């Protein structure tokens, strides 16, 4: 039995799996949980990040406004399902990730600059006051995801370098820092291998520490004759040298099959950005953007996911 | 309070806004109003134009037949909602606009030629007999829209030059004519500014005269990794020098959010082609093509739309 | 009255046409008939082939697994509607076609090689043991479809040459063989003519012999600003010189209009791969892939289809 | 014997053809005649226009400066070969054409606007003071060439519509005007037919009136795996309805074969922009841009060119 | 010492290598040997094939006429250097290869069809009367090269499948035939491996039989930011199973370095199409197209080339 | 009079300017100085770097071998013009830059990795033994250029992020490091502004310290219909905050005009990689790759270049 190393989250959102479902990840039946109706002038609210905060949850949400400006807003929830969003953008950009480290909440996101997107970094203690750090890299990069603790005394950041448009390629790299200002020792982590992810891959939620290694959910993109299709996969990274992929599922865990994933602003997108993981029960709640239109929720357990990775392991 | 300058249309199609809806444009709940079932051998009927005619309404409809030949047919309705289409194409081409001027109905449309599309012009008094004029321009152009009256003694035509395919750019221009045969004094009107329209813009229905200027609904196109997405915006043009944009909403008024807009022959298309405007009540009924598949109807008032333009004004 | 030349299939799947439907092809109301739920670890099951076998039906099915590996599996059914698929791939590749000839079942399919796709050929007597032949051609080709009997002592294979990606062009050719190993006397059959098929065409099910010639259902592809759209057309080929197109409908018989055709892994795909034809009644059951996601069923009669071809004939 | 209808130019630049040369157009042996050395800060001087003026010649020259700004400057010459350019741009843009009409010199050129290129029009009597007219069209167009006299009371302008980049297509059209302000009655003139011009065609020098019709030199573009290659062809247009092509050579008259045509800023460009035609002798001196780098000179006679057109006539 | 297996050609064109030249292939100092001046109305004469014939040489030449029509003409020479071309095209198409087999001369070439290029086959005994065979394949293919004798009773044809344009990929395959009509048993031969050939490879002259295997000269294409660059490489194929590459040079033998190779109609092309090989001396004369403009000649010996292959062998 | 701050180089290569030349940079009349003949098996030797070393010069040279493998080799010279290259690659990659700092020679170059190019860093004291550092960044980047001294205690590296191919965009950035291992504080330096550099810009030689700021030579790329064209420009950067551009010439200083720049492996390339600057005389010798084929030399003085920058200053 695999185990999560981390906090207990008693009020983690949860719904049991439908009997007979043979797959390790299942959707919340009341999906989507957040839509454009959650905020005035929003065109869509999707790829977003949440963390446990006090006795509930806090989050940073990607809102594409009716101008299609892309901004981040904060939100709060008691149960992780019903959210109140604040109509006051904190940063320009998109695709936030959150983790708690050193007593603070760290935010990384795709920051807009006049010269392309880069990885913005900021921290807060209360989701009201934010301290912005130096950008982690030059443009163009996306999918910057911090590990939730230092490894060997260094912060670790996953990054997906890209080009200025709808990049037709993409691998995951990571880099190290002693101070969150200067970054170096870049390491290749993974590239597309199987058809479902053949165009590009990018890190998803903050990696989850388990006794078998870092559990990384990530998205993979396939290009059909009608464009990109985003699915979710998973891998286990080495605890001390996390650029080493120990195991990796050759098959996706979740792909766009439901209507709210298959049509909307960008058809066929399942884009995981955040996960809650309860160390006591092994339960994991995954928040993912659906069709670049809304936020949906899916569930798994550390055990089911790691078993699936082993059963479909790409790494011989 | 803004006011429409023009005729009264007592039987304008109408449905009150759902209570609590914070936005200025709302959809007809029985959408779509015209589908392929309205005409034998039609694959789709969409981007179409209507005008008040006698005590009802007449229209020119874009029909893509099962051969995907693109033709215009006429249709008639008592209430503007239930339409009878005539199975006899009047012209080859698509995206018609209609206006009444000098006691005649003028039709402009995207006319097919062996060398690309151009703007065809014709007029009728009865929707049965048509007089075709010289084309307004050389290929390649689309979205040719006449103003409904001469300004300073000249006819004015909005035009969106383009290339021979799915043009990846596009601005709105206008030109002048004294006789509808020779055109000149080309003026730039507007280019994409905000993300929702970043790829291109094109004029929609015949401009509506108001006491604050010409109210122009237009479409804007955003390019995602899965192709084009068409939404509707609005601007106010100067009455005498209509190439001057006085005010312009930085946010769309209607975007593809309903299933009949999000999937179909071309997913994610809201393409306004025609509007009925009742000077007495300020009511406006907008006809728009949805997903290049059917015709849908949306409502607004001159007051709500102009207030939205002011509240989200792009022009400082 | 047109007549099918061939076997009687008493248990051919069937459903009468809805009264008032003016078109020659109509959908099964319980579509789709095969989905990803038919096989563990399948992402999608679509473009597939069936034949009468013993007192029921056998088939070869395109399964895209959750790794998006593309494989062929066998399946069996009593009624042609409820299918049991065997979880044991027989070949790598996709888009199978089946025909019965010389007392054997012949399979042609898009075979994957390290250098592009080619046309694989194999035969079986029991769908359990397969004899693989030499590939019919060098890469890159797709849509290889055998005629169900020799013509003038030679096997005939339809082929659609293509490039290594989502080929933006494509015509149908055929070639001859005396031994299914060496192929020659390549002949052009047809190219896109009308808008609905303007990007490319490819043969669909095994041609059906009728007293008016070989009835060929095929797919045609239109490119919109949002990608490819696949529809189904039909033509009649000369009995002895089947590269001669005698008649050809200028309009599609079936296009993506239902939700299961309009969204899914690849929106807007109707891809016919197989047909059952009952010589006694003239009934034809068409199996087609929908949205690259599932298998759907449509019905026609040889008489209705051929009448439609004549009424909309492209060939003067 | 074909004859030029027009003025006598006694001092037309001239060099006899090399004995044995079988072709109708031959190069000046001291080519190029104008290079970047003719003007300080010029990167290149090419596609340019000249006319007889007083007892010598005047011209408007395309100068690409070291900033690669594209501007037009005037120049003067006694012999048409040695030119003095004035270091004072008159307009922004490129590819000028000149003709004399109604006692004035008319200039048309590719005018730069923030929204793409259009056809600028201006006239002068002394090459020092210019009157700029309304642009002849909306963007995007290039290769605007005026006929040197009114036909049936109307000015005629040749135009090549295009897109915003290195347009991969292009046909020649013409339009009519009574006042050089409003233009209409657009007519298709010619499209690419043969391989040497397969990508696009565009009008070259001001058409030359002959007793057999308007002699139009034009450029045609072929796309190889290494880009565009520009050559020069010729056609005869109907005198009264000049959109009717009476005769047209299926083969080029001049293609990039000399080093100064084959390499330079844009390899493989022969781009004729101007011609001097002497009615007395039938001599024609052609000025053409070479490799987008310099101006070169070639010679022919009306008789040799028209004979070549007849011998290689595309029009049956 | 490697040896050629074949005929003696006493009058093979020859020039000794410049002392100190360290490379196995050297150019003829009077290059080019054939230019557009060899034929009236030729724009360029390049990629061409020659064979010993009677006491001299015969050839089939690619002529691009001034219309840029691509045709094949015959030519004759006493010394292999000075050629007389006949102004009478024998076939439409390009890139011919010639070999002598069974007492006849066989020609393969890139044949133009309305649906793309295919491999045409024909034979002659006198270069005046030609018998055309069935095309060897469906479109689209280029670089069809016959082996000069049957192997195990079968004719062997090298082929390079491609797309309809300037194909951005390409591997060499071969197929077998017993009768030159039906072809099968397609085998992969080689794909690009090193940078100099990274875009595509294609067979060059008829393979030369040596005691170490079939010596195949081929072209490889590299894509720079300014387009394609064609160089010449070499490999040794197994005698009985010629799809097996025994040895292959990782470096080119000849690349575009001379002006007549670096500029012209297509800059940077060295395209070998034909070789004369003298069994007595081991001398090889290579005819190659230069810059798609003219025919040039280079020399080597079987010994020097095979030593170079061994010294730079790609096959471990 | 502007002054270089730095060492005296008595034996700097030099040639006086041709009288009457109005431009600040002039070519060495014996160009090119290094060609493929300098090294066995070299296809081309171009974009290379040199530094004063002992009483002569040392360099690191980009060699593209006949396999088109890209490697760096060292070389030595007494006069900076005649070079001896060592046939022993030190690193894989290309486009080296060299500077002397802290008593060592630092090399930065475009390092090849399986996942794209990155900026390699290494140092040596003798050009025989090299210490390789961590890569400065993740892929994909090119044009990494170190400043020759720390500024405010930090190393500064110029970088040009790019994509995996012939990147169609590109700006110059810089980043800071305290230890040459961890890099941060990324700053935008400059983007293309004028036509001659419109596609992208990239830093050239190691910046030269002057009393007016850091003199940066850089390359700019223009895209014509026939591909990229590389020229050289110059700017002055702030001494302490070198991401601030104080002055910048709006016009190039050197563009491809000579045959060895206009044709070769990549036509139209002037790519400066290295400069020698003599503080005593103000002389600057620029080494630049020409046509991706050879190394050429040009001269200027700090005074002439800075005067040109001021006379054509882009910065108001």
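Should a chain be cited, it is by its letter among A, B, C, D, E and F, assigned in written order, with residues numbered from 1 in that chain.
Operating definition for what follows: a contact is a pair of C-beta atoms (placed from the backbone, for glycine too) under 8 Å apart; a residue touches a chain by one contact, two chains touch by 3 or more.
Since this is a predicted model, take the numbers as computed values, not measurements.
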item: Steps needed, at fewest, to go from subunit D to subunit F via touching chains; value: 1
item: Topological distance between subunit A and subunit D, in contact steps; value: 2
item: Farthest-lying chain, centroid of Cα atoms versus that of subunit F; value: C
item: Chain whose Cα centroid lies at the greatest distance from that of subunit B; value: E
item: Intercentroid distance (Cα basis), subunit F paired with subunit E, Å; value: 41
item: Distance between the centres, which are taken as Cα means, of subunit F and subunit C, whole angstrom; value: 60
item: Between subunit B and subunit F, centroid-to-centroid distance (C-alpha), Å; value: 55
item: For subunit B, residues that touch 2 or more chains besides their own; value: 226-227, 263, 267-268
item: Chains that touch, pairwise; value: A-B, A-C, A-F, B-C, B-D, C-E, D-E, D-F, E-F
item: Complex contacts: residues of subunit C adjacent to subunit E; value: 113-116, 118, 134-141, 159, 161, 163-164, 167, 169, 171, 173, 175-178, 181-186, 188, 191
item: Residue ranges of subunit C touching subunit A (in the complex, touch as defined); value: 36, 40-41, 43, 64-70, 166, 226-228, 263-268, 292
item: Of subunit C, residues touching subunit B in the complex; value: 22, 194-196, 198, 222, 224-227, 229, 250-252, 255-257, 259, 262-263, 267-268, 312
